[in-house]
Every structure is written in C-alpha cells, then in structure tokens.
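Each remark here refers to the structure printed beneath this line.
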C-alpha cells in the first residue's frame, strides 16, 4: 500500500469522504471494546470466570495499538509538518500522539504494579483513559464547546461565587457544630465535605448538623444551593439559545 | 350500525369532530381504570380486602378489550390500506395494533406464572403497560417532541459527556476506595452505583467515600454533577424558547 | 366615619393611592404576626415558656379579625354588586370573603379538638392558612402567573411524562426488588415512595435497591430524573424569556 | 515615594494601567494566602504538625495589613473627598475601609477567646472573611449583578412562593407525623428542617416520614421542589439571555 493512501486512511483530517475512514472506524471500535473489557476486568467476579482471558485480550489490544502507532508514525511523513527525523520527533511529542502512547504504556508498566493493589488499579484506570483517543476522531464537539467558550467569563464567575459560598458555609458550620461533631465539622476542610454535598443538592446524609443553629445555617446553605444550580444553568441556557439562533440566522441568509 | 360509522367512531384520524369520539373517550377511561386497578392489585393489603374481585375485574376489562380489538379489525376495512385479508394481516402487525394485542395477552399468559412470583409480577407490569395504548389517541405530544427532536444532536452529546464523566469518576473512586470498601467500590461497575447517585445529585448516601482522597474526588464529581444537570436544561430551555418564538411568529404573520 | 371612606380603606380595588391603604397595611401585618405566632405555638418548648400567652394572643387576633370582617361586610354595600341583603349574602359567599371566614372559624372549632391531638394540630394548620388572606392584597403575581399560564399546556404535558416515568420505574423496581425487600418494594404504590425520591433527585436513601438488576433500573431512573427537572425548567425559562421580551418591547414602543 | 504615586498604586480607581497595580496584586495574593492558611489552621492534624508556625504567620500577615492600612490612610489624602482630618475620619468609616479594619481586628481580639473554643472558632471565621477585601479590586461582577438586579422582583416573588410552600409542607407533615415522630415533626419549626431538605432536593434522609399519609404529602412536596428549582432557574436563564443579547446588540451597532 502506498504511504499516501495509508495517510489518508489514518489521519482524520486527510480523509476526503464523510465521517471516518474504515481504518479509523475499526480503531474506534477497538478502543471502545478495549475500554469496555478494562472496565469489566476490574470486577473480581467477572475476572474469576476466565482468569486467563483478560491478560490475553489486553496483549491483543496492545499489539494492535502498537502496530497502529508505528503505522501512524510512518504515514505522517506525508504531512509537511512532520517530514524527516526531526519531524517525526515533533509528531511523537504532539498532543494526540502522546495520548496514543499513554494508551500503550500501561501494558509495559504492569511489572511495576506487581503485588501492589493500588498501582494495579491505577494502571487499569490508565487503560480506561484510552477512551480519550476517540477525541481525535470527533468534530461533533465544536457547537457545544463554542457555546460554553463564549460564556467562560460568566461561568467562571459563578464558579467563584459557588466557591465563596462553599467556604463560607463550611466556616459557619465549623463554628457552630465543631463542639458536638468534631469528626465531621472539627475544621473547615472537614466541614467542606458536608458543604459540597449540600450546596450541590446531593445530600448524602452521612453527615448532618445536629444543633439548632447548625440546622439554621444548613437550611440557608441548602436554599443557596438552588442559586448555585440556577446560575450556571441560566448562563448555559442563554448561551445555547444565542448559539442556536445565530446558527438558524446564518442558515436562513 | 354501518361499518363506515363504526370506523369513524374507532379510528381517531377518521373522527371529524374536535377531540376524541365518544367510543374512544370510553376506551380511554377504561384503560386508565384498568391500569389504576392493576396498580392497586399489586398491594397485598388491598388484594386481601377483596380476593375475588380483582380477577373478575381483569376478566371484564379483557373481555371489553377483545371485543374492541375485533371491532377495530372489522372496521379498519374502511381504510384503503387495510382492505381484504392481506390488509387485515398488515393491520394486525401495525404498531398500534400490536400494542392493543399486548394489552390483551397478559390475561392468557396467566397460567405461565402459576406459582412463580417473579413472572406474576412481570405480568402485572405488562398489564400496566396498557397505558401505552393511550398514545394512539394523543396528538398533544408533537410540539414538545419537535423541540426535543430539533436538538437531538446536542442532547446526545451531553449524554455522552455525562457518560464519560460517570465512567471517569467511577474509575477514580475505584482506584482510591477499593482497598477500604471492596463491596461498594471493589470494581468500576460497582462504583458506578455511587457515581450515578452523585452525578445526578440524587445522593442516597447508602455508599459514600471514607478516605480523604476519595472525598476530594467525590466533591469534584458532585460539582461536575451540576454541569450534568445544567447542560441538558440549558439545551432544552433554548430549544423550547426557539419553538415558542417560531410558533408565535407564525401565528403573528 | 362615612361608609364610602371606609370602603376605600378596606377594599384594595377602591383605594386610589399607590400600594395598600393604611388599614390594609395594618391588617397585613396582623396576619403575618398571627401566622408567625401560630407557627411558634406548635413548638412545645416555646409553648411551655408562656402557657397562658398563646390563647390570649389568639383571642386578640380573632377579635380583631371578626371586627374587620363585620366592617368589610358593612362597607361593601358601597359596591353596586353587593348592595342590600341579597348582595351581602352574595358577598359572604364570594371567594375572598370565604377565606376571611376560614381565618376566623378555627377559634370557634377549638372545643371540637378537645383532647384530640390530631384535630388540635389540624386547627393550628388552619390558623396558619390565614396567610392566604394576603392574596387579596397582592397584584404582584400577575407577571409570573401569566408566564406560567401561557405554557400550561406544555407544563401539564411534562407533568404527564413525569407521572408515566414515575409509574413505570415503580413497576420495574416492584418486579425486580419485591422478593428481597417486600416492605419497601412489595407493591407498585409502595415502590412509588422510592421512585418519587429518585426522580425528583431528592434521594433520601431510606429505601434503595439491593439487587444488581434493581440498581441498573434505579440508575436509569436517576438519569431520567435529570430530564424530569430539565423539561419544566426549560419550558419555564422559555416562557419567562418571552414574557420579559414582550414587556420590554411594549415599553420600548 | 511621592504621595500621588502611592495613591495611584493603592487606590484601584486611580490606577491608569489595565487590571490591578503591582501593589494591589501583591495585596490580593497576600489576602488569598492568609485566608488559605486560616482555613488550614482550623484542622487539628495540620496545626499539630507545626504548632508554632501558625501564630507567627498570622502575626506577619497582620503586620503587613496594618502597614497597608496606614499607607492607604496616608495616601487617600490625594482624593479630594478624604482631605484633612475630617476627610480621614470619613474615609475610616467608608465601606471598604471598615472591611480592611475588620480584617485586622481579629488578631487583637485573640485574648478574648482565651480558653473559649467557640469564640476562638468565631475569630478564625472572621480571619477568613478577609476574602471580602478582594471585592474592592473586582469590577468583574457588574454584568452578572445587573442581570440579577433586573429581575429582583421576579426572583423575590419566587423566593416568596418557595417560603409559602416550605411553611405549608412543614405544617402538613406536622399534622400527620407529629404523633409518630415527635422529635422530628413535633412542631412546625422542627418539620421545617425536613421540609427544606426536601424542597431543595437535598434529601439528607436523616428524617423521613413513616406514615402512609406523611409519605403522600412528602411526595407532593418533592414534586413541588422541582418547581422551586425550575422557577428561579427559568427567571435567571431569561435574564441572562436578555443581558447577553443587549450586549451583543450594543456591540453590533
């Protein structure tokens, strides 16, 4: 196969047809499959069903991904930016190429996690991050991302307001509840756990104020939590509304 | 009664008056009644009040629904698409006719569930699904459905983003909490239960992280949950706003 | 004082100045005070501080309200609709006059609740309902109510969708969880309690599914709950946006 | 250094360059640092790591803030409004200057809290309130604040509706649940704790109704809670949408 054809099949931006090239479609499906299996593998009851199967599957996926990585490295020479050895080095350190590398590495780091359950779980998490490779193939984001981007300033402000409310309600509950519940409200960072659960209206209920004053502050925090949800929602609604209308106007002209 | 009159009374699209024909109004009320009784019947304390009543009522409803089904099958001959035996067969396998059949079948499958509590409950669920028959009579959906439809792409994207966040937060909590809470966070699929409860801000609190690092990740997840709610809300708000304005403009011209 | 002056002071629509007449301002404050005291009175620790005070205060408020009621009945004769005895009877059975009566009655029904704690609490609730009398004085609603009213159809539809989802998720959890948790999921009406807490994202956590299949259905329900919140929010946002723009346009012309 | 230069460096409104002057940038960073350390200091495990460090750091911050306070007092003479001794006194009692003073005071009130854990915690809270000093440097608020301000009326109304719902649902649960759960629902103010947790959809689950009637009322309350969230969100969305469009129109002209 000629290198130019290979480049067209591998680089999404070089593909002339609509959607993805057949090769990238296959790669996408493999990434989804590998991630799904990495998720399943974490469950001990599933792992015990076929103890030998999962390392085998992993070896297969990694072999394919290495092969794909080398092909991309070879074919990218078609791109004027990545020609020659210096160009290839530049490609290796480009964003998506690094993501591709990170998708392969966990396999070779497996020996590090030998007999260390935490590192083993961390490696499995890295394996799941292969999903990030799909980002290379996706142009669907843009409309949503643009709407978000146009209101970054307002969204950051509402995050700031939320942060101040979070701190302030934690500090208030620390003042009034620390004496009766030192474990849960003994310091501001500790009270933050309750404060986040309340302001986001998650409300686990594993920690709740028990003093009357604590309940008064908690009630005010819960009500403020509605504002914390309403503000970004309102900003996003307005941003999307603008984005949709602009699109419709552009299409209408 | 002539078949043409019957067809007008039974087929919602053939009725010339406003709303539903008297026959379809009666059928709608019967469907609501049958569903309400099917719901009540699941409660043992209610069932024990009149053990013989519920099978009797069910037999009555099914008799009426069979009679209605046969009438519809006869009257649909007025419709040129469903004329003759081949046409009647085509009608039997049309969407709403199949729904009508599903509303009758559970009665005759009752013997299958003999002495099997799970199947019995499943049959009762099927009986409640009769409510779906009301969909045939309803044209009120369209405005809402159109608004949803016009933004399918954006809504799917936000579902995708939510799915990735769900996976990622599950994986993070699996990494940091699996050692201390193997039952609840021992695998990614297990951690998913906690992750869904947190990202949707339901927050049951039956499972919560106990390590400091776990609480930090959980806090970030809870805050991200606000975005998960804000995004579809914003998209829907924008979609409805557009739909209402278009309607008003059209009426204004 | 002449009856015409009295009528102007008592009937909000007859008052020529801005806001409320001094008499109605005083009545409003009394209503708020009476409600606040009725709320406080329910707390045993507060009641025990001054056992004799609360019946005395109640007697005072009721005396004033009766006096006010009789004055209104006398002064309303200025209104051509309520002239003469037939007119007065018509006034007594008008909406706001009945509300005024309900605010007085609990006092005279007190003997009914003698030694019956439940009826006593019910009477206290009726006393708090005096707040409804404030509705007579308020014209501030209209803008908000109009925005809600213009989208009644869409809001009802989203309530209908929510109701169906509620029923369906209850029925699903009844099917899969009834065997392991008969108390909480033993019937559809019982499962409804869990279902409401989940779909509204309240999530008490007093009842949660324990089977794997139950958790899968619960997860789907929780995600659907976001839609249940997003839909009315979106509809209201669009309705308010329209209402504000129309107002601004009208003012701009 | 000349007083005019000093004034330009200290007063944000006198600075000609973009953003903040280098001095105010340094002050901002010091405020953030001091607040962060005040938060950390509340945690006993952190405090025990370096028991002597935190009082030392606090002394350092306060020294700097006093020095800054005196410099501001000296330099403000450049402003015609605050010239002379009478002007300086007027400055001392101006809003932001009082905030500056409150940021210094907790240090000198430390002796009051000697051996009183509650007062000590209160002083730490005051120390965190130094964050409020950042408000002096921020003009970023205005767009968000304007959008909120333009709909104050509607937002207050929705707060009022929420308040009435809160009272009403508390009173209903007080009536039906007081007999079985006197601690949690024994009075309307007690039931308010449950009511706030439910209407804001926080749902801790530490208190839930147990009677059938109580669950019915609680379900209605939870559903009403969606409206409580949807209304301010809708109002804010509409307000932001208007604000963004006005800004775009102004820029477009």
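Think of it as A, B, C and D in the order they're written, each chain with its own count starting at 1.
Criterion: a contact is a pair of C-beta atoms (placed from the backbone, for glycine too) under 8 Å apart; a residue touches a chain by one contact, two chains touch by 3 or more.
Keep in mind it's a predicted model, so treat the numbers as computed, not measured.
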From chain A, how many touching-chain steps at minimum until you land on chain D?
1
Between chain B and chain C, how many degrees of rotation does a Cα superposition need? Round to steps of 5.
90
Most remote chain, CA-based centroid, reference being chain C
A
For A-B, find its twin among B-D, A-D or A-C: the pair where over half of the contact pairs carry the same residue numbers.
A-D
Taking the mean of the CA coordinates per chain, how far is chain C from chain D in Å?
31
Distance-wise, how many Å sit between the C-alpha centres of chain A and chain C, to the nearest whole number?
44
Name the residues of chain B that each touch 2 or more other chains.
201-205, 229, 233-235, 237-239, 241
For chain A, which residues count as touching chain D in their complex?
151, 153-154, 157-158, 164, 167-168, 171-172, 174-175, 178-179, 186-190, 198, 201-205, 208, 215, 219, 222-223, 225-227, 229-231, 233-235, 237-239, 241-242
Looking at the complex, which residues from chain A come into contact with chain C?
201-205, 233-234, 237, 241
Contact set on chain D toward chain A in their complex:
39-40, 42-44, 46, 117-118, 121-122, 124-125, 128, 131, 140-141, 143-144, 162, 192-193, 196-197, 200-206, 228-229, 232-241, 243-245, 248
